[in-house]
Every structure is written in structure tokens, then in C-alpha cells.
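What follows is a set of notes on a single structure, which appears directly below.
Labels for the chains are A, B, C and D, by order of writing; each one numbers its residues from 1.
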Amino acid sequence: MKMHSFANDYSEGAHPKVLELMMKSNLEQNEGYGLDRHSERARELIRQWIDRPDADIHFIPGGTQTNLLVISSFLRPHQCVVAADTGHINVHETGAVEATGHKVVNVPGVDGKLTPEHIQGVIDTHESEHMVKPKMIYISNSSELGSIYTKSELQAIREICLKNNLLLYMDGARIGTALTCSANDLSIEEIARYVDVFYIGGTKNGALLGEALVLCKEELKEDFRYLMKQRAAMPAKGFILGMQFEALMQDGLYLSLAAHANAMAEKVSDIFREKGYDFYAEPCTNQVFPIVPNEMAERLVRNFGCLDLIRVDDNNTCVRFVTSWATPQSSIDELRSFFL
Amino acid sequence: MKMHSFANDYSEGAHPKVLELMMKSNLEQNEGYGLDRHSERARELIRQWIDRPDADIHFIPGGTQTNLLVISSFLRPHQCVVAADTGHINVHETGAVEATGHKVVNVPGVDGKLTPEHIQGVIDTHESEHMVKPKMIYISNSSELGSIYTKSELQAIREICLKNNLLLYMDGARIGTALTCSANDLSIEEIARYVDVFYIGGTKNGALLGEALVLCKEELKEDFRYLMKQRAAMPAKGFILGMQFEALMQDGLYLSLAAHANAMAEKVSDIFREKGYDFYAEPCTNQVFPIVPNEMAERLVRNFGCLDLIRVDDNNTCVRFVTSWATPQSSIDELRSFFL
Amino acid sequence: MKMHSFANDYSEGAHPKVLELMMKSNLEQNEGYGLDRHSERARELIRQWIDRPDADIHFIPGGTQTNLLVISSFLRPHQCVVAADTGHINVHETGAVEATGHKVVNVPGVDGKLTPEHIQGVIDTHESEHMVKPKMIYISNSSELGSIYTKSELQAIREICLKNNLLLYMDGARIGTALTCSANDLSIEEIARYVDVFYIGGTKNGALLGEALVLCKEELKEDFRYLMKQRAAMPAKGFILGMQFEALMQDGLYLSLAAHANAMAEKVSDIFREKGYDFYAEPCTNQVFPIVPNEMAERLVRNFGCLDLIRVDDNNTCVRFVTSWATPQSSIDELRSFFL
Amino acid sequence: MKMHSFANDYSEGAHPKVLELMMKSNLEQNEGYGLDRHSERARELIRQWIDRPDADIHFIPGGTQTNLLVISSFLRPHQCVVAADTGHINVHETGAVEATGHKVVNVPGVDGKLTPEHIQGVIDTHESEHMVKPKMIYISNSSELGSIYTKSELQAIREICLKNNLLLYMDGARIGTALTCSANDLSIEEIARYVDVFYIGGTKNGALLGEALVLCKEELKEDFRYLMKQRAAMPAKGFILGMQFEALMQDGLYLSLAAHANAMAEKVSDIFREKGYDFYAEPCTNQVFPIVPNEMAERLVRNFGCLDLIRVDDNNTCVRFVTSWATPQSSIDELRSFFL
């Protein structure tokens, strides 16, 4: 019997309500390139939610594309972006950022997060024209290790950015799970005030594909659609993305989907905790990183499709379980059975 | 009353059969990044159709993205691509190709098409290391002016490519309308033998989004998925694209949609021909370019959303009508009424 | 007997006075990267000459490098540079500008020069985000066809730039020959007020290598040395460039060398004029383009190394003669003997 | 009194014999772009010296330019170069390599050198298409910390490169000091057989500027001059570079200059050793890294222009002394006096 896969949070299609709206509007004629009424409505709903009526919002097909677009659009050629070593742009995008001409300067993250100390360290060691110039800070929330930024952590990073004229960019591929995590003390309105640019991930939270990029800072807005088009990030049928966010932004659907993912993840971590296993990073959002004996790791990978992340020591391996809006209760039961 | 828009062939969503398959498979768990069974099945169907069991096939979200990916993947830094001046990559992609580092050398097209003479001209005038080196020929079929390449024209271009060690790339955003055009004498199997790489457009022929890129030449296949990832052309939910092509490739759906678009276009051109108007390019596929008095052009733009292409002389303007799989008979009636 | 070569204006080393200063200072210890006293003195002399005490001046090893550096430093990714089709950046730099990500939009030049009408044409046809956005105008003075910009021509271009928020960049590889041409009515001070950035060419006017780039516009100055370093345009021994311009800027050496080149060119054109030959472009500076019978063209190429530029018609060819500061009177005698 | 500066090895002009040849040939007419007889002769002398009659040799103005040219010419877009964290390309070139689109993957160096273990580590952790693909190994000899590769070390790196289809590139900005170092057991002929591409540095060993790039591997040769031109690395007066290498390659001048630099460095290190100071890296070539009390470091920087490299602990600082072909005995005396 095929078990549920915990490989990632993009194994299924879209939430039924998203598909429903797409079906209903399918034969309408819409303006191309994101200039349609659905995209406009979705933008309006997002602006209200984040309480930034002045924000520019663009819908981009995917996360790597959003990252490379944001970074290459706002940096001059000699400027770099700073990320944690675990940051998605640093390792898992096949050099997409460098392919646009910019160095990613990385520092060791703390549970996948950047700290003001690390940022200051980069500033201190990049003081001459023989080195790239730090201009943008990249953080992901929730991070690649499932951790989240607290309000005071984000404020501290914002301060160092303001002081050093750095742009602050939050990769929100999993921002829903950050916002609905029990440990979270940051509201979306605060995020939208503290960062210069961020995105609200759709692909990993109920959409077929699509990310809502939010430009909070006035200077970043000029000519952005030119840059989207150049990076192939302005699909002809932009309304496909607009419709999905229109659906996700109604009746709290977006957050409720993320909350479900977190709830399922908690059940996963409970199982491992009960069995006495430690975690590579403290469970918090929809990614869980139990450390288990090598042999068990192999079986978990085989049965549940989870990722074999890292050999922690000679005998133990950290594996990754990811839950999503689509994770059913039955998958938890299957996992529980695994230990019987 | 709102009239049907002839602005383009990407105003509606997907053909119902495409949506149906997506709905049915929506809650399945699929491998990410195009490694799923739907994508695999779609690849198999395409390989059979084009009679190239050896071809590598990749699904890419959009046309501009496919173009920049293909060109930047197969050229060394000093090599250029040659296109007709009307070629999509030359004007309408905001410098997406140049942003990857390559010059687009353009020559005047004949009805939107490249000729062997033009290609030879570029070869002859690029003979030293102080100039870029021609390495790829870009043609679109059907072209941006609605014209198509005949078998002998394509063979002649292929010959000059072989002789000069040039790669031949066909942009098939509208390949369906080329294949189903009454004047066409080229089969898909022949195209897949004559060109080195081409794509079968989904966005403009029944899909929500997506293009099927076909790598026919062995040397082009190596590491291509790395390049896709780097250019953000490998969506997490690749199965979304795979499912759509799976549906389009069944029961001749793809060609029947294109044939409908052509049939509707013929009705459009008949109307203008009957009224005695000339065409900027001889009507052939799903784009029609009547030349009408300026005042009438304005009204057509206003009523039917068609594009005001070019002022032909002081009194006359060429406008563009585009039909698609979704163009209803009622739109033809509306256009006919316009002239009453 | 080997004849003098009129192939180009970079066949010899440096003017003796330049070498003399280099010899004299050879064993001094100087700061690296252009921060030395010679570079500083040369900058001061240039600022006085051009009457722009506020200008930033940087010494760059070569012309192609200066062009790619200027264009890539001041444009955002979606912006393009506009040049005449004969512009050096358009054809003769192996796509160096495109390799930094920017399209060169070219228009037919008039005698190698851009006109306000052509610039307006580009502005008019690049009005949407689906096309690159014009941001910089590239002109060369003297041009690749030896012609020069008059004061009113340059003012007209400046006006259209101001009106459309375009940067005006003058490639001054041969600016000396423009300034000392008998038809010239532009002073260096005026050029330095009308353009935003230009360079004073050393390589083709007395130096071993090196161009003095002048940033006139305040906004262009920030972080420029970072950009130089990144494009490998900040040589370790920058003082080598500084010393050469220090020598060239003393006692009117720079202009006197260019005046010599022009005087020699006039003698070349006199010879052809006397013989009744026409010119491809009216002789003006140090490049002369006589149109001669094909057979004679072949012999001129063989004997004088001049460039076989273009077949004008079935029977006639345009060849290029270039003179320089180093062209001796004897070369004129040789050419005259050719016709005996 | 102004003391001698030990800041770097590019504070003076060229060795007198180099200048002499340039003076003598100054008014000759030479072919442009490196196609002249001096460059040809210099190439021949280098081919004989390194015993690679089949090598292609190109003269490039500077080291950063050579690095970015080599890396961008031989990698496909998704491929990366691997370097020690101290590697020049990693920190001190303002992202010049990334500006051509390629990631520099760095690993901790051992005394500034890469080890096979580190290279294997990179290979092991870059195993999927979501990450860049290692394709080139960058090593510098002597390294940025003055160390050199032994024969067995270089052979081991070559083996891992062969096994993994990686290109091996040696940055030879200071190759002379490596070859003439007393600890060296590698001949230039061996280097030219073990690496795929390397350069013989002129700027830091007797030339005004210029590096001789040696392409040893057949596949790397095609179209290389196109790539040089595109990266602005093919100066119009290429003969300036050719002449300098012609002089350096005669009568063993190149190695004797490097031997002098090493001898002077040994005297510097002797002084510090006698005083009981340790070194950050074991002295070997022309860079010496004594660790001294902070207060003394400040005075050394002030008096001798040496670089304040790194704060080793609360009380001690590592400073860098660099010697060259031009370092006079008197400078050693001055340094000795400092300690009196």
C-alpha cells in the first residue's frame, strides 16, 4: 500500500475553492499580463489584509523566479545580497541569483535564521571597493528549517538595515505557516511595515502556482513590470494567478490552510517526541526534522517519501517531514502505525 | 453591450477537457519538478505524435521563458541568435534574451519570416572576432504576422544551418495554427526532423499556461534540467503543466483547437475581404491584419479590443484580429453586425 | 619595400613625451588602483581643461571596456542604449554590451551620427513594458565615419535627452580629432556641459593605452570604483594610465597630436580628390573613405594596409585610410607615388 | 623620511629591460589586437619554456580580467567554479565572476590552498539539479597566503579533476615566486601538463601590466579571441603586452626577478623570526605574514605601508609584507632599523 508522502508541500494541486473560482471564470475574457479584474481584486484584498493601501502587488509564477526578480531588479551590479547559509537562494536555486550577476554572501544561520550580528559581520568585512557591497538582506519566514522570526528579531534586523541603507526582503514562500504558528508574535501588518519587499507564497499554500509579491517601499515600484517581463515573470494569462489569490484571500482561507499544515506537523512531531527522538531544529511550523537511527531513516524515506537531510553522526540521520493544507489525518495514522 | 475581444489568443482560461483532467487529479500526490507520471505520459504522447522517440521533452511555464532558456542554454557567450525584425524575441520580450548576455541580430523579415538569403547575409557580415558569431536561427511558426513556413522554405533554412553549423530553433507558440492551416504542407514529424529544438505552445492553444519544449538534437540534452531550474523554468508543481499537455495530446484535441481558431480567423478575413479591404499580410492562420481607414480602425479597437498595429499611410491603419480555440461564432456575428 | 600602413590609429606605441614621463617615474613607488599622485595630477589637468572642477575622472585601460562599463553601470536591467547602426558598440565589440545584459537599439545613422529624429523614433516605438526602455544615448565624436557633431546638433540631442530623461554618453575615442577639425564649432568645455558622461581617448591619440572617463552628472558618481573593479577596469598599476594622461595634458600635447592626425588626413583626402574620386563620407577628421575602382582598392589594401570597407557598387569599393599622431610625411609621399 | 612601501608587488613600473624593448620598438608599426610579431615571438618563447608547443597563448591586460574571462568562457550557465575561501576570485574582485553569471563555491583553504578532500566535499554536496554543478577548480600558485602547491598536491588535485570531469585552472599572478621558492618541487613544464589552463603573471613580476594566459587543453581554444574581445581583454595595442613578455622571457629575466622578490622576502621574515614573532602562514614566497602586537602593527602599517590583514587575538595582529623584483636592499635596512 502506498503511504502518504511527506516529501514536500507541493505534491497536490490547488485547494478546491481555488479551483472552483477558476472553473467559474474559465470562459470569461480577461485582460492579459495581470491587468485583469481578478488580479485587481486580489491585490485589493491583500492590501486590506496587510494594511498597506499604498503597496504595489504583482503575481509571479514561482518562488525562485520571485527571488531572482527581486534581487536583480533592486541591486546595482556591484551590490550583493546577504543570506543564511541555509537560505534557499544560496543553495537550492542552481545559481539563479548569480546568473543575474549578483553574489550571494552567506553566513552561518542560527536555526536557519539571520542575526543582526551576522549581518554586521558582513558589513564589517566588506568595506572596500575590491569587494561586493552589501545592499539587500534576504530572510525566509518560516525558514528552510521551519523556524520563524520573532517580532524583536525582525525589528533588530530592520534597524541594522535602516542604519546601513540595506533593503530587507522576506521570502514568504511559507509565510502562512509562520503567521499561524503558535509561537508567532508578528502580525502580517507588522511584517508589511518592517520589510521593504516580501512575498506571500501561493504554491505551497493552496494554489496551483503563484506568489504575491508586495513592494512596500516607494522607490522599488518604478518600472517593475518591465523587469517582470524581462525575467519571464509576467505570464500572458496573469489572471490565472489573480484568480487563485482572489480565492485564497477570501474568508480567511489562506491562513486556515496554513494553520491546518501546522496542526498536522504538530501531530508528526508529537509522534517522534513521544518516541524519544530529538529534532535537528525545534519543531514550529510545517517542517519537522526528527533525528532517528540511520536504519529507521531509510525506512521513513522509503515509506513516507521524506527527505534524507543530513547524517548527524555515525548512527543517526535527520529526516524532513513536510505537511501542507492537503495533509489528511490518515497520513498521521499511517505514521503512527509505522511505530507499532 | 460588451463585444467579444479579438485582442489576442490568451484571454480565456483552459479548454474544459484540460480543466477536467486537472480537477480529477487534483488531490493526487505527485512528484515535484516535472518528474510525475502525468508529465511522463504527456511526454510519451508527444514523442509518438512527432515520431521522435529519442526526443527530450520539458514543460516550461511560458513562451518568453522558453525562448530565453533555449537561447542562453545553447550559446556560448560570444554567440548570437538571428531573428526576423518582427521576431518575438527581438521586440516584445523587454530584452529578455539580451539579459542573458546574447545579442539578437535581426534582419528584415519577409511576411514575418526569415529567408536563407537573409541568414546568409548575416553570416557574410559577421566574419571576424570583433563581431558576435551567429550560432542559432530563430523562426516562429506560425509567425508574428500569421504566415507559415512551407516545407521547401524550412528545408532551405535547415540546409544553410547544417552548412554553417547553426542551431535551428522554432518558436511554436502558435504551431497548432501552422499545422492546421489550409496552406500548410509540413507535418509535425517533418518539423521534428528539420529543426534542432522547438516548442509546442500550450498557452495560446487550450492550456492555462505551459509550453512543451522538444530537444531533438542529442548534444542539447545534457544537464538541461539544471538550466531550467536556474532560469526559474522548472515549477515545483510541474505536474500542472504535464496534466494539461496530457489532456491536449489526447484524441487530437490540440490540433482540433487550432483548427477552430483558424476557421474563425477565416471568417474574420472573409468579412474584410468582402468589404474590399486589403491585408497587411495575407491571412493564413489565426491572426488577421486588415488595413482599414483610420477612423474605422479606432472603432474596431474600441469595440473588439483588437490591436492598432501600424499606421500604413496617412489615411489607413492596419489592425490585428486574433482568434483562438475559444472564439465563439457569436463574435463573428458581432463583427458582421459592425459593418451593417 | 614596406609602405606605411594606414590601417588604423593604433599601430604605434606612445608619443615620446609620454614615454619620457613614464621612464622618469618608473622606479617611484606609487599607490595602486589609480589612487596615485600622477593620476591625481592628470585628473586636475583634465578638470581645468574641460572647466568642470566637479567632474569625477577615472582612467580605464581601453575603449570597449569603457563603453561596457559606462552602459552597464548606469542602466537598470530593462533599459537599453540607443546607437547609430555604425556605432562601435553595435557591431564591433562582439556583443560586449549585450554580455552585460543590455540591448543596443540601433537606428540608421546619418554619416555615422544620430539625429534627434531617430532618437524620437525609438522613443515613440518603445512605449510599453513589453519592450526595453530607452535610457541612454550613445554617440561617438568623431564618429566611426569620421564625421563630427556640430554645436547645434549636440544641443538638439541634449534637449531630447533632457526632455525624455535620457543619459547622453559620448564615446570620445577620437575626440581629439573632432576638437581640432577645421569644421568643428564645439569646445571641450561645451561638450563637458552638454553630455552626462564622455571619455577622452588616449589609445588612439598618443598613449600606449588608456581612456579618461569623465562623469559630469552627480548621480553617476556613486560607487563607480566598485563597478570599475568588477568589470576589471581598475588596473593594479593605475599610475601607468595616470602618467600618460599627465603627459598628454601638458603644453597642449593632446590636441596638437590630434591636429597632426587631421592634417595628415587632409593630405590623404587631397590626393584622392585631386584624382577625381568621391568619398563615402565627407572627409573631416583622421579617417578618410575614398571610393575607388575595385582593382585599385585591392592594391591600396595590399600596399597601405587600409581597410576594405564596403563594396559600393559592382565596380567600386570604399576603402578606409586612418592617420594618427604618428603618421609621417613620408607616408603621404608614398601614397602620392602610388598614383604616379 | 619616507620609508620603502611593502604594501604590494605592483607599486613600481616595469623592469628597465622591459621598458628598453618598448622604447626601441615604439615607433614601429605593428598589427593590432595581439597579432603582431612581438606577441608572436613572446608566445614562441613561452611555448619553449613550458614545453607545450601546442599551447595557445593570449596576453590579457590584468589578473581579474583573466580570471573572469577564463571562468565565463569555459563554463555553461549552471556550472560553478570552486575556490578556497581566500581565493582572489572569491573576495577581492568585487563579484567579477558572479557578474558573468557564475557562482563561486568556496571552501575553507589550508594555508590558502585547496585540498582534494575539500574538492570532494563540494562534489558530494552538489549532487542534484537544484544546485550549481562544479566544473572548474581554481587554485592560485603561489597562493594569496604565500604558500605553494607541491608536486604531489597538484597531482592529487589533477586526479580528482580528471575523475570528475573538472577543469583545473591555476591563477599564476605570482607563479614566478612559486617556481623560484626554495621549497618548490614543481617545474613549469609539469604545471603546463597538470593544469588545463593557467596564466603567467606579468603585472606583479616586471611588466607594466599584462598576463600571459596559457590554454593547454585543446577543447578550450575554439573562438577564444571572440571571448577576449567581448570581455574587453583584447587591447588594440596588444603589442604593448607582447613586447613586455618578449623581454621577460629572454635570458631568464622572468625567473630572476621572482627569485629576487623571494630573497628579499626571506630577509623580511628573518628579521621577524629573529625577534621571535610567529607567522600567520609559514613564509615561503614573496608575501610574509608576521603576527605582532597591535601597537607595533599600527606602526608597521604607518611606516612601511604594509597591510593590516587580520586581528589574530585581542593583543596581536597579522600584517602583510610584500616584496617584488623592485624591492631594494635599503628597504631591508630600513626595516631592520625599525627594530633598533
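By our rule, contacts are C-beta pairs under 8 Å (C-beta built on N, C-alpha and C of every residue); 3 or more make two chains touch, one makes a residue touch a chain.
This one's a predicted model, so the numbers in the text were calculated from it and none came from an experiment.
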Pair sharing more residue contacts (C-beta pairs) when A-B is set against A-D: A-B
Equivalent interface positions on subunit B and subunit C, same or different at half: same
Whole-Å separation of chain centres (CA-atom averages), subunit A against subunit C: 50
Centroid spacing, where centroids are CA-atom means, of subunit A and subunit D in whole angstrom: 42
Whole-Å separation of chain centres (CA-atom averages), subunit A against subunit B: 33
Contacts with two or more other chains, residues of subunit C listed in rising order: 77-78, 93-95, 99-101, 129-130, 132, 226, 229-230
Complex interface listing, subunit D residues touching subunit C: 4-5, 7-8, 10-14, 16, 19, 22-23, 25-32, 61-65, 68, 93-96, 99-100, 203-204, 208-209, 226, 229-233, 235-237, 239-240, 326
Residues of subunit B defined as touching subunit D within the complex: 72-73, 76-78, 100-101, 129-130, 132-133, 223, 225-230, 234
Parts of subunit A lying in touch with subunit D, wherever the complex brings them together: 77-78, 80, 91-95, 98-104, 129-132
